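What follows is a group of structures, each given as structure tokens.
You will see two complexes here that share subunit A, one where it goes with subunit B and one where it goes with subunit C.
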Partner chain A sequence: MHIRRSYKGCPVWIAAVALLSVFFAGIASAAPDARALLKESENRHRTRTQQYAGDLTVVNKDGKVRKKGWKSFREGYAGDAKNLIRFTDPPEVKGVGFLSISRPGLQNPDQWLYLPSMKRERRIAAQDRDASFVGTDFNYEDMEEFDHEKYKVALQGEQTVEGHPCHVITAIPLEKGGKSVYEKKILYLRKDIIYLLREDLYRKGEKEPGKRLVLSDLQNVDGHWVAKKWEMSDLKKGSKTTVLLKEIAFDRPQPGSRFTLQNLNREGGD
Partner chain B sequence: MTFLLRTLSLSYVRRHIAKTLLTLLGVVVGVATFSAIRSAQGTLVKGIRSTVDRVAGKAHLQINMVGGVPEEVQERIRELPGIRATSPVIEQIVVPERSELGSLMVIGIDLLGDREMREYGFEGEDADLDDPLLFLAQPDSAVFTRDFAERAGLKAGETISVRVPTGVKRVAARGLLTPKGFSEAFGGNLMVVDVYAAQELFGRGRRFDRLDVRLTEGTTIAQGTATLEKALGPAYRVETPERRGEQMERSVNNFVAGFNVSSGFALSIGTFLIFNAFNVAVNRRRRDIGTLRALGATPRQVQALFLVEALVVGIVGGVLGCLAGAAISQGFLQMMGQTTETVYGVTTSGGVAGLPPGIALQSMALGVLASLAGAWGPALAASRISPTEAFAKGTFQARLSGKALPRIAAGVVAFGCAILLAVRPPYGGNPLILSVIALGGVGLVFLVGPLSRLLLRLLSPLLIRFVPVAGRLCSDALLGAPRRTSGTVMAMALSLTFVLGLGGYMGSMKATMVRWMDDSFTCDLFVRASANFNRPDFLFPGKLREDLLNVPGVRAVESYRGIRPMYQGHQILLGSIEIEPLLERVKNQYFQGNDESVRQGVARQGGCFVSENFYQRFKLGVGQEVELVTPTGLARFPIAAVVRDYSSDQGAVFIDRATFLRYWQDDRVDIYDVSVAGGVDAGQVRNLIRAKLAGKYPALVTTRQEFVAEIAKAIDAFYAIMRVTVFLALAVAFLGIVTSLLISVAERTREIGVLKALGAIPSQIVRSIIVEALIIALVGLVVAIPAGNLFAAFMEGAVAEFFTGWSMPHHYPWDILVQLFIALPVVSALAAWIPARQAGKLKITEAIEYE
Partner chain C sequence: MTRLPVRLIILFLLLPFPALAQGISGYAEEKGFVYGDRSNSRDPSAVGWGTLFTKWEEKAGEAQLTASVRAEWITSDEQGSLSFDPADRKIRRSPISVQDLWVRFPVSPSVDLQLGRFQLGWGKTDGYSPADAFLPRDLSDPFADEKIPLWAIRLSGQDGAIRYEAVGCPVTTPWRLPVLGTRNAPLSVEEVPAGTVFSEVDTAPPVIGFAALRVLATVNEWDLGAWGRVGVRPAPLLDFRFDQAVSTPAGLTIPVERRYAHEEGAGVELSRIIGSWIVRGEAAAFFSRDRDLGDAVIGALSAEKGFGDGTLLITLAGNAIDPPVDESLLFDRAILPAFIAAWNRTEEWGEWKMVWTTGLRHGDGLLKGEVGYNITDIWKITVGGELPYGYEKGPLGALHTAQRLHAALRLSW
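Then we have the complex of A and B:
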């Protein structure tokens, strides 16, 4: 659950991780099932809210580094999540906002980007889901909450990641309603806490993963596991985006108006 | 044949190099004009199509609406079946402060998702734009092509100043496009900005110029179009980029088609020069021909000999003409580009006009044809020369002059038919224009010879009276060589007919429009946001009217908005303004209805009044209705009046502003018509308005006189190329006089020698040559005056009505006539200068020996 939040707050990747943690302990002796693992993970890591400050570093293939900072707020979880990100740094992009609101069923969430210079929001269309999220290696789909209900999942086996035994689960998007940029995702769930450590992302037609998300520096905050370092690598472009999470807090009350277009359009509104 | 060419033709060319070159020049100028116009026209149209295609990228369909597509439409169509991607676009032309860099096409697109639609070709440092967030978050962000950046010395992160409607703005190059695909549009002079920034920058409100749509695989264009049309309704136009390009091309084609006539004239005049030159060549070589015939050459061989010569002249002239055409086509292209932008609001990249092989071949073929056509008659005449005739001086010419009567009859019939066709046309359009010009031309060809001889005979006593020696010499020379004289007069008359006809038409058009503007544009100041009359670069918000009314000294303000919807396949103008106050100050010329019917029907009952050309084109007048597709559905507007109006060459419909707001729900304004209070200085009010709008809106505040002058300038720009072609036609005619006189001097070398031996002094000889030139020009002008007048009347009547539906009273081009009366003697005297000097310097002994 905890992990889930971190997943939510930013990229897709975290969600999957989170789902798995809880489940793992209960089924240690039984043959695990992918859906059950993911449900258990969600149950274990679900939090009502999550917030953090993120330090974002994008390093392109030539080594050029760009840094940004944001604050992230989430309410709900997976299929009912609402997420607001507000850029805080550098000054040129301060105030830029991103709002994502999940929609029921298999539909893609609604997403908007707010630009202070225009003083208005712009909707992110389904066709734009593969576009880079503000120049990072995350795309707009990666910024959605991972909801395993929107995937056909299957357990592939086990593998060790960073010294931790992991379940390997294949997740294939169900295309009825929503559209995914990806053809397949392979999730690596740490067995002991059912937390996502790695995600390999395959775009349509790709035989090898085009992108890879690695979650590390796991810590227990307010009783919830959370990865404080996320690394999304574009394996084709050779670039990498790292997010370091600070000031993490769970289950703090969030004002009801926070996740609205009015708030998104409010200059400096968090 | 090779032998004949080598012995007879080459030796003649060697002996008469100057004359041969001048003959060649006739073809060169004709072919050069034709090929340059066609190349420029081709490049212009190709540029329009290429820009439309490249900017469209992978879009299968484009959605347009008059006045712009509201933003919410994108949401409405996103989820429709078969739609893979949609992308908003705003297009605008701006000029960098360093104007030598050329116009820039600004493309406003949604950079977040536009890669589904267009290939951007970002590479290296710009592989993912330098910083997309920075790009989006900074309103001064732009992407340029590498090519443009290199020319401007611009690096990523640096800024450049461009003129936008709100003033000069510095934009930062946040990324550079590699020249391929999309970035090659508009010749690479491309500036890509965020579409929402473009809305702000160009006053589009919450609208886009269009939405590009990409369909999913398996969805056909027809299916996609049907889905979108059903979802959006008739107010929206759903079309393929190709169709949009074709439409732009069509509107420009109407304009460039006129140049074909111009280049046709240039070639026709060249044909007469060749006719003239070959006619004289046959005369000069009749003894050679006689010898050949005596030695067994057949008439067919003699004719073929001259035709092969013409073929060579045609080919060489064609090649040189194409080269010259390629050199001057760029100038034509620039002029055409400026005009299409000013008049049609269509801008192309102003690319480089080369000479496509197709056009080169076409031009050369025309050069050869013109040459063969010009030489055909003289060649035929040469083939009919019998050996006995050939050695008898003067017989040849005398025999030919005996055929005058049938030619006069044929000329009268052809000319009469042309007039009849023009007055009572049984059919319309291009066939009518071509028939009238062809018949008129043939008539002129037949009639010019007899007419010029008649005129010369009438002028002869006068000449002899005023310049006894030179006059007699000149009149003998002209009447003694009827073919040469009529050929030169023909070329002269044709070009002067062209000048007077087109000049008359242009003059009538301008005078009529100026008078109409005087009656219609009666307010004191015009507050505009766009310099271009046909392409709104910026639109004012409707609320600005209240602000303008509050400016001290302002008595009244009306808000004019013009949009250009399609009506029965034509892009008409729909103008809206507060009608009641307008009626108080304008003087409409009504064909149907009156001020009162407009007040009642348009201002109070929501109807419309239409322009005369709308009435002519669509046959809709008072009592009938104009059915227009509006954003709120189909609406019918009863016609309350038909007025003389020249706002649009496709027809105009005018409604009250309240009606427009009700149906179109768009309060933006093109022009505010401002009237100042009595006794207040309009200049002072202008300054106050400028101060009020400074920094907020673009504002071109012009007085009535300035406004009218600007439109008159646009009209002049429209006719600029026609003027150039008129000049070229005159140049060909000038060459004709030079050639004719050179030939005349050569022909009369022996005669001049005899005259000198009998006591004629060089100045008398020189004077006679100059007088000869003046007389040719005068006779040409006298023939051209009625012909030009008829041509002008035809252009103002049938042609103007076909293309525009406008009728205009004929204004005789007195100004041009006066200019010609002054310029022609000077030009003719100049043309005569070299031949006259040559004649004056002839030595008696050499001249008498000359054969």
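Then we have the complex of A and C:
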């Protein structure tokens, strides 16, 4: 009663300011929550190393199917990750290697591609990170792990994805976080295990998501949750790339020289 | 045993047996060329080129073993007879050749030793690299930019941000030239009457090859490098033996011998990301006491930018010292100074590329275009064309009678 009475006599603009204050206070308090959730997710799912073999299927809008295979090795996580991918199939891309090494701070990682036909590596510029990663619907930026430190994040609410209640978080790249291909990402974090189930990706100027990453078939391997199925859809082109992970292992020691340019240039090597 | 059964047995050995060995890969390709110029006995209007290539890769402990063999069937004179030519030292391509035969093993966790026959790739600038240009090429197809592997020993390693590579090549593998006097290697020698035939002498290249050292460093967005090499330059110098010319009722026949100069070279290379461009540069100095080769100071600058799935590459390269002979006779330096613009793009169905090379000395040039369509993951069809044009005494314009279209069908495994 007392509260109602006190608002009753207020001018409209004061009521509006009060309401806006509550609204902005809500946003201000939501941002740390989103950050806290993402930190919690990183803490829960951070592993020292990860390795797997991936079977890729690329289906274009006409239903034409292409298959590829790769092996992936990672050391570190997100902002301090080193990642090496080596294609094993088909013959046209066999031996192609991709090395990504995170740089200190919020800069874009250093990335190189090794092409067996050239017998040497080539550096990839930040702008090239929107190029298709070896004919898939992933681009070079998609191959990096999500590092929330490079984004302004805000909790938008909750939504159910594949039967799982999820936190919905908006992530907008920070200018100082290096150049991003995307203007906005919407992340869907499964509430019970704080695990990413979906990303809607908006390129610059897009009002609807241009691409969507769906992670499914979650399993617990070596004590860590991992999605064994990734589906990246290019919603504009109508194509989809599915990656099925196998031979997954976490926290196995990696040779010290694995994430080096010397190793990237080893023909026939991992 | 006759030659045909021998070839059949070798071809049988080249066939892939994926079920027996998972490390087997390779391809079979049939390529056809159609030329715009009038056909004659040396330069037919259509040429067929079949290739069967198979590669075996295996890991034995920490060692990597690789072997590959190529069998070819070419309808033109570019193909030589079946012969034992393990270092590609003969002037014509053998129908069967070993492309890889090497082992690599770690001397320490970050140092590798590689021994055998393998291909090297040096340099930074893609359109033209002075560090890479000296490595032997096979010009049997003058538009293919095909490298020839070397017999060599290579020690390579990395220590922090520094990489190093030392290469010793105990056997010279020379550049292979097209049949002299054909449309792929037209010779215009002053004061020689039309119709003169140049008789190529299969001069043996020197045995000892070269030694080279390269050091690379990566510092943030900079990639830096320096290299040096000493030894036999694998691109030949041609000696026209007018003193041994023979006059026949059909015309004059002049023997052409090959000579291989010693040369010392040193260079620097760098690349850096500048905004959305990758800029690469190389500079190199070459020293030779050979009267026809002389010294050279070669620079190359390239800039590359990605546009989604397309890439634009432009390169400018030149030699600050005029060579003592017609630059066309120096092969790796023939097109200098040159401007090269290349555009390639990956599509859902395959890829396509366009390359324009223009010689800045004579204004002649070469336009190349190619479209590759992936029928499936293992079948691919490629069509394209090469259009050399311009001043007929320029290195590219001289090839104007080799204007052609090509089509290829490839099965990979």
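Here is the rule we go by: the second predicted complex is superposed on the first by the 237 of 270 C-alpha atoms of A that agree within 3 Å, B and C clash if a C-alpha of one lies under 4 Å from a C-alpha of the other, contacts with A are read in each partner's own complex, and residues count from 1 in each chain.
We adopt the following convention: contacts are C-beta pairs under 8 Å (C-beta built on N, C-alpha and C of every residue); 3 or more make two chains touch, one makes a residue touch a chain.
Please read these numbers as outputs of a predicted model, since none were measured by experiment.
Engineer: Quick one: subunit B and subunit C on subunit A, clash or fit?
Structural biologist: In the superposition, subunit B runs into subunit C.
Engineer: Taking the superposition on A as described, I'd like to know which of subunit B and subunit C A:V96 touches: first, second, both or neither.
Structural biologist: first
Engineer: Touch check for A:G256: first (subunit B), second (subunit C), both, or neither?
Structural biologist: Touch partner of A:G256: subunit C, not subunit B.
Engineer: Considering only touches as defined above, state whether A:E247 meets subunit B (first), subunit C (second), both or neither.
Structural biologist: The answer is neither, since A:E247 touches no partner chain.
Engineer: Per the contact definition in the header, classify A:L113: touching subunit B only (first), subunit C only (second), both, or neither.
Structural biologist: Only subunit B is touched by A:L113; subunit C is not.
Engineer: Should A:E208 be classified as contacting the first partner (subunit B), the second (subunit C), both, or neither?
Structural biologist: It touches nothing on subunit B or subunit C.
Engineer: Between subunit C and subunit B, which one touches more residues of subunit A when both complexes sit on the common chain A?
Structural biologist: C
Engineer: Considering only the touch criterion stated at the top, classify A:R123 as touching first (subunit B), second (subunit C), both, or neither.
Structural biologist: Both partners, subunit B and subunit C.
Engineer: Answer with first, second, both or neither: which of subunit B and subunit C does A:K237 touch in the superposed model?
Structural biologist: The answer is both, since A:K237 touches subunit B and subunit C.
Engineer: Among 9-17, 27-35 or 153-161, which stretch of subunit B shows C-alpha clashes with subunit C in the combined arrangement?
Structural biologist: That would be 153-161, the one stretch with clashes.
Engineer: Which residues of subunit A are in contact with subunit B in one complex and with subunit C in the other?
Structural biologist: Correct list for subunit A: 60, 64, 66, 68, 92, 118, 120, 122-123, 125-128, 131-132, 135, 237, 239.
Engineer: Name, in rising order, each residue of subunit A that touches subunit B in their complex.
Structural biologist: Result: residues 60-62, 64, 66, 68, 87, 92-93, 96, 113, 115-118, 120, 122-128, 131-132, 134-135, 237, 239 of subunit A touch subunit B.
Engineer: Inside the complex, what are the residues of subunit A that reach subunit C?
Structural biologist: Touching subunit C from subunit A are residues 60, 64, 66-68, 90-92, 94, 103, 110, 118-120, 122-123, 125-128, 130-132, 135, 237, 239, 255-257, 260-262, 265-269.
Engineer: Going by the contact rule set out above, which residues of subunit C touch subunit A in the complex?
Structural biologist: For subunit C paired with subunit A, touching residues are 25-27, 57, 59, 64, 66, 104, 109-110, 112, 118-123, 126, 156-158, 163, 216, 218, 220-221, 223, 271, 273, 275-278, 304-306, 308-309, 311, 346, 348-349, 374, 377-378, 380, 412-413.
Engineer: Going by the contact rule set out above, which residues of subunit B touch subunit A in the complex?
Structural biologist: It comes out as residues 74-75, 78, 84-86, 110, 112-113, 115-116, 125, 127-129, 131-134, 136-139, 194, 196-197, 200.
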